[in-house]
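Letters A, B, C, D and E name the chains as they come in the text, with residue numbers starting at 1 for each one.
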Amino acid sequence: MILSVRDFAIGFQREGQNLVAVDGISFDVEAGETFVIIGESGSGKSLTGMSIAGLQPPTAFVSGSIRFKDREMLNRPDAELRKLRGPEIGLIYQDPLSSLNPVWPVGDQIAETLTAHGLADRAEANKRAVEMLERVRIPDPRRVASAYPHEISGGMRQRAMIAMALAANPSLLIADEPTTALDVTIKAQILELLADLKRELALTIILITHDMGVVAEVADRILVLYAGRIAEIGPADSIMLQPSHPYTAALMTSAMISQTPAKQELNAIVGGAPGLGAFPAGCRFHPRCPRAQDDCNTVEPPRRKFGAVELACHHPIEVAMSLQVARS
Amino acid sequence: DDASTFVYADAGEPSTIDPAKANVNWEFTVTRNIYDRLIDFDLADPSKLLPALATEWTQDGKVWTFKLRDGVTFHDGSPFDATDVKATLDRLLKIGQGQSYLVDDIASVTVVDPMTVKIETKQPTVFLASNLSRIEMLSHVDIDKHKDDQGQAWFNENANGTGPYEFVSWTRGTQIELKRNDKWWGKFPEKPFDRVLDRFVTDGANRARGLEGGEFDLANFVPLDEALRIGTSSGFHMVEGNNLWAWPAIYLNMDLAPTNNKDFRDALVKAFDYNAMVQSFQGKAEVGRGPIPAWFPGSPEKEEPEIKTDLDAAKAALAKSGLANAKMKCSVPAGFPEFRFAATVLQSSAQQLGVTVEIEEQPFVEAITAIKSDKSNCFVLGNANLSPSDATKFFSAHYLKGGFYNSGKFFDQTLQDLVAKLPTIADATERGKLLKQAADIVVDSHYVIWTARPKTVVPEPDRIGGYRIDPAEYINARFWEMYSK
Amino acid sequence: MQAVAGVSLAVGKGETLGLVGESGCGKSTLARLALKLVDVTDGRVRFDGVDVTGLTGRRMLPIRRRLQAVFQDPLASLNARMTIAEVMREPFDTHGVKLGAGLEARIRELLSFVGLENIDIQKLPGQFSGGQLQRIAIVRALALEPEIIVADEPTSALDPSIQAQIVNLMLQIQRKRGISYLIISHDLDVIGHVADRIAVMYLGTIIEQGTADEIMQRPLHPYTQALLSAAPTLAARRQVGWKRIMLSGDPPNPADVPSGCRFHPRCHLARDICRTNVPPLRAMPGTGQMVACHLAPDETARAGAEVGRDRRGLPLAG
Amino acid sequence: MIAFLFKRLVWGLLVLIAVAVITFFLSRVVPADPAAFLAGQNASEETVQRIRAEHGLDRPLPEQFASYMIGLAKGDLGQSIRTRRSVSTDLKQYLPATLELLTFSFVLYLAISFSLAVLAARHPGGTVDGTIRLITMIGTGIPVFWLGMTLQFFFFYKLHWLPLGARFPIRETVPPVVSGFLLIDSLLAGSLSAFLASLKHLTLPAATIVVNLLAVGTRLSRAALIQEQSRLYVRTARGKGLSPNRILFKHILRNALSPILTATTMQFGYMISWVILVEVIFDWPGIGLYAYQSFQVFDYSPVIALAIVSTAGFVIINLVMDLLYPVIDPRVQSVGS
Amino acid sequence: MSISTQPARWTITRPKGVLLPLALLVLAILAAFTLLPGVIAPHDPIALAMADRLKPPSLTHIFGTDEGGRDVFSRIVYGTRYSLGVAIAIVFASALFGVIYGAISGMARRGIDNLMMRIVDLFFGFPALVLALAVAASIGRGLDSVALSLAIIWWPGYARLVRGEVLRLRERPHVEAARALGVSEMTILRRHIIPFVVQEVNVRVTTDIGYALVAVTALSFLGLGANSPTPEWGLLIRDSRPYFGSAWWYLVFPGTMIMLTATAFSLIGDALASRRAA
């Protein structure tokens, strides 16, 4: 176990009110797995991911515990957290163009991960930057190293981002929607690259996304967040192919359009996700849930084991019928 | 060498240091210390003339003969003689600017021998000698060298005189530097200044501040309140004196309604709050009665009726003019707080008559152009005369036709004739009578409001001495008389 | 620079034409051309047989009434300072439709059509969710009962669950009103689901065109095949030994168009003729499918069939 | 690139011509007659006429304009009536003083506004930020002339720390002119005391100019820095484990430079205006004082010259900035394209 | 379980909290000065009272008196409508013209837009003070000529701002949507662009009033603006110059007044800006 999150909560103060964005979630990430966090926009995926690296917004207040390799990450002084980012934890994000500093050559930015941590001197770092670029399958690494971000293509940029995140040999890679802004063909390239790198470098990957196609391709285990709470957590196959939580089931529809006969109505969830500060009582999903009953409105479902997964639902879908449910 | 440098804060930068063109106070400051005149006058009694480059002089009708001082040399080493006098005066008259009006009676100048020069005037002129006390002598060598433009370009920014100080350099925008002329014929005091820096400090408050703070040894045109305060503070003493400037005088436009109405002007003169002016000068001023100050040689002032604020009389005069509720505009040359204040007083006085005065402060040239082109009814200025004893010069620029400062376009033929005739009259009593007649004409016309006649007040640091006020130049500095204690 | 070159497309009555392609290939530009928001450099835009290429301003107005648009970002495409009521009445005002007192009722009626009958129409767009706003945008486009709606990525900015709502809504509208759609998306699943016919764009040109079934099940252009194969789907997870066709290289730069077939630098089948000759868009024998590839269908048909099969994955139970 | 430069130069030239034309006509609407003033109070009409003719003031306005413009084309800025010299000669004398003041103020302004902005941007909304914002805001509200006088009052009159005005201690000898910048010339002459003396004289005038510009400058720089802070590359930098200082100085500053530069260009325009005021207040012998005094006697040529020179300065600064952008930000392809 | 309360720093001292009400108070006072000078000022601002010449602040004359014995406070009160009035007029006139000009330029075709912006550039390059000198020389000294010359150099700022905004907004999807709907260009400008521009302009106008005030008083100080005895603030400072060492109050109060006013407007502009950003 490389990471252990317990009762983690994060929130903000707005007009004197405490708004809890992520509300007491617990999960573990095993070394070497690809752990995927999915959920709708605003469900708290990024906040969770960033908090693991100690990068929660400065305005946020947090509670609970996040232990990375047996070190508590919450409330650790920033100076110490900084030492971990880079050599222990690498991060990549969506939108590689904005995520790279536009005024420095790509190679310098990769090398900086090493020099800033005193892992290499400049020359060595530069050499390693080129190596890293080669490692992420960039055909002409020397040229790209001296190019500015705007001079290379989107796919190259994301590769460069990955090179930067991995330059100092971290064991954990947190990828927050790394493919969202990319074209289908490039997305495929990046996914394959990540899969290869994971194997080559024995990485643990925490992948945040709401693209079910991506999830389907890479996930070992999946955490489904809904409105700051865990809806379901468990092995990827169970969650994707036999969703038990009504929310998960609905979510999978989008990945199944191609399996739905053309022009036929899709199985859509009604309404929209509740915004921060407007979470309903009881089960937070109940207003949109086709299976909701009275207890859902008032009683918050506890987290419990259900088949291969753990979920928080009063009326989960039985495994055998899950796919039909998802389709109808 | 700090102690031997004298720093003088002057109110402006010279436009030229050519004595033939020098026009304003801060130009005279430079020329009069570099150049000598044929004759000097006694500051205490301006009618008393003193020898300078000329040691003796006689008048015989239209012919004046001057004996020149022997052994005088210019700063460049060349000797001074009669040729220089002739060349200087010829050049002055030819250029026709600056102080040439003081000697425009001259018909010809003749070199009799190197040390004697003969000047013939167009008519017998009693004031030639005293007026020559304002004319500075150049070297004919310099004049000949720059023949083509009468040396105008050269003399504008170079100087070679016989005077107590020698021109060293002119740093534009900053200062003119002079150094003491050891070989000067005159006498320096005990501890004279070897070096003089004539600084251009256009802002009056800065001059006051610098004088008080010790940056400057002496300053020109320090605002009165500041001068009085500084002069009475420790480390300073006050030098007070008369001057020839009726300061400020308000000229009324004789051509433009409503000031073209004599009764209306009368009303303004009578309504004016003279007391307010005197108060604003903190008592260091009196109310003038005519164009010529009482202390000036031959002034008829004492016989003139006193001018007082009389609101009832003013109202009566206004009623007579039939110009109740009239509106008028007043142009004030910018940069002189006293001028603006005089206009403000006029405004508030006129308001009591129901007359509205609008004030516009403008640069000098613009202001005088405004009244001359009948865009304005009045103009505020000092009434000056640079001649120590020739009273007719009070009239020439201000009251005669075509006079540059005759901004309100006053014209009176009798006055014209009187002024032309006066210099030819040798008898002082007779001259006095005519002078009174001339002054009366001006007073009776109500062309001018002589708002006040302030005294000159100059704060002098205790560490130096020798400063005397030259009444003809308001405030000047005779650097050769200054010394450190 | 030519963003779109030599493209001919037609949308039939009651038909949905789907347009797919990589980012920057000119899809939006084409939509804007169709909507006459940009001027064509060369070519014609016809509406119902009428040439509208040169029409501007008032003369275009009657056409606009029958031709409406829906954009990608619903929040951005509604004026943030106009209330929903104002937003909704704008089409009527613009086209001089005077409903007087009936206006409010009409707006309510329209909104109820998309399940928003209970919203406060005096609120500003900022107070609604993305899904609600997109429904408002769609119903606004419907207000004047147009004959065709051009929708540029109508679901891309939305969450997966909301995407399904919008897709359903659009299908529903078409069923009820027989409206035509030009739908643009880079999401092949969505296009495959809603479109009758699909056109695939690459670098400003159409490289393949056909019915949805044809394109989704038997793509003949290597690019279409790669596109379909690249998109990760749930189906992939269920198949053992599945292998995707990977495209090498990056999307090309429209300012620097390759010679010959525009796709040749990234094509694994490319040969000499591809580098020199521009392939015309040709009808494939026996079908209406049009492909711009020198090698189609002989050398591409097999791969196409595989891709189509992989994508469908295992048939779902029931 | 060359084409761009050429286009900019042509445009700059057009601006200059327009400025010259506008100032020429505006300043001559009033029929003030500087000739009469020059001639002296008692000069005869003929003398005045002669002086008028010498300066071409007797000719019809269009003719005067034509000859002025022809002169201008030859680089002749006309004659100053007040100084009785050619304006070009005068400018040579007065320009260095102004340039030195401007340059010094500019550097001071950049340094201070930048440091303040950095301080403020470290914790946006914090106490330091709030204080800096308030102070700079008050700074903008201070009328320049009033500030100048007030500074003189305290630092010269009350405290005797700094001189009243002018460029150099009165009684001391100015180092030989090489560059015209006293700071440089005194160093060239090897005199540290002269250097310090000139520095002292520069302090108050420069401070007066700078305080007023600071608010806008700091505010814009701060806004640029804060905006940059919210950029995604900063998140990336944090993800790499960089320290806040390193992020600020290595990543943010360079990116914020372009907007700051743009703001600075605008500020330069104000600076030129304030310089005139400051020169008047501090007796600074530069072109501002020169033109202002000439204006007082309706000596037009120096005023037009000032307009031309300062506009030219503005045009040049703009051009330099345009050339700088691609250097600072590699995304800006070389200018013009 | 540990609770972190890192964000505390944020909530403590935000100067705006106290300062904004203060700025509004200053504004209210200024409004009172402008509208009811006669009620507030204890003395006649024009009439001379030589007996009280240059008296330091006291209970009767809280800001002291000037060289004519006039009450400096009363003069400042009466001066508000001149100094601030002109500043406001300049900014409003410039904003109005600039908005129209900028909007036209932003909506116009490239060629026209280019030309219009070149003209704006021309005004940008023009040194403000020199223009003011020239204008004062040609139409005479007075607040009207100050207003004119400052407006001439002020409007291009708005034109540029507005054009930029219009260009930016023109590409916004909601404008594109309106265009697709068939909304005419005029209506688009009016309904879909100007409301957003106005927001920007409001902030700018508020802040600019402070700057304009400083500029107006500066020109008056140089003798290009109001004439004596108008109690315009810059002129008060100019008039106070000869009494610099003898009557500090005469210099200090008008200057402070300008500073307070300008700062108040800046603060309010800032508040507007941050409200807009939020």
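We adopt the following convention: contacts are C-beta pairs under 8 Å (C-beta built on N, C-alpha and C of every residue); 3 or more make two chains touch, one makes a residue touch a chain.
Which protein is which chain? UniProt says A, C = ABC transporter ATP-binding protein; D, E = ABC transporter permease.
Just so you know, these numbers come straight off a predicted model, no measurement behind them.
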item	value
Intersection of contact partners for subunit B and subunit E (ABC transporter permease)	D
For subunit D (ABC transporter permease), the least number of touch steps when starting out from subunit A	1
Of A-C and C-E, pair with higher C-beta contact tally	A-C
Subunit A and subunit C, separation of their C-alpha mean positions in angstrom	30
Distance between the centres, which are taken as Cα means, of subunit B and subunit A, whole angstrom	91
Between subunit D (ABC transporter permease) and subunit E (ABC transporter permease), centroid-to-centroid distance (C-alpha), Å	23
Chain centre separation in whole Å, for subunit E (ABC transporter permease) relative to subunit A (CA means)	51
Overlap residues in subunit D (ABC transporter permease), where contacts from two or more other chains coincide	30, 32, 149, 153, 157, 280, 295, 298
Shared-contact residues (touching 2 or more other chains) in subunit A	none
Complex contacts: residues of subunit D (ABC transporter permease) adjacent to subunit A	231-233, 235-244, 246, 250-251, 254-255, 328-331
Touch list for subunit D (ABC transporter permease) against partner subunit E (ABC transporter permease), complex	11, 15, 18-19, 22-23, 25-30, 32, 123, 125-127, 130-131, 133-134, 137-138, 140-146, 149-150, 153, 157, 212, 215, 269-270, 272-273, 276-277, 280, 291-292, 295, 298, 303, 306-307, 310-311, 314-315, 318
Contact footprint of subunit E (ABC transporter permease) on subunit B as seen in their complex	203-205, 208-209, 212, 223-226, 229-230, 273, 275-276, 279-280, 332, 334-335, 337, 340-341, 343-345, 347-348, 358-363, 366
Touching residues (chain side subunit C, partner subunit A) in the complex	22-23, 129-132, 159-165, 167-168, 171-172, 186, 188-190, 192-194, 212-213, 216, 226-227, 229-238, 244, 246-247, 250-251, 311-313, 315-318
Of subunit E (ABC transporter permease), residues touching subunit D (ABC transporter permease) in the complex	9-10, 12-16, 19, 118, 121-122, 124-131, 133-135, 137-140, 210-211, 214, 217-218, 221-222, 234, 237, 241, 244-245, 248, 251, 254-255, 258-263, 266-267, 270
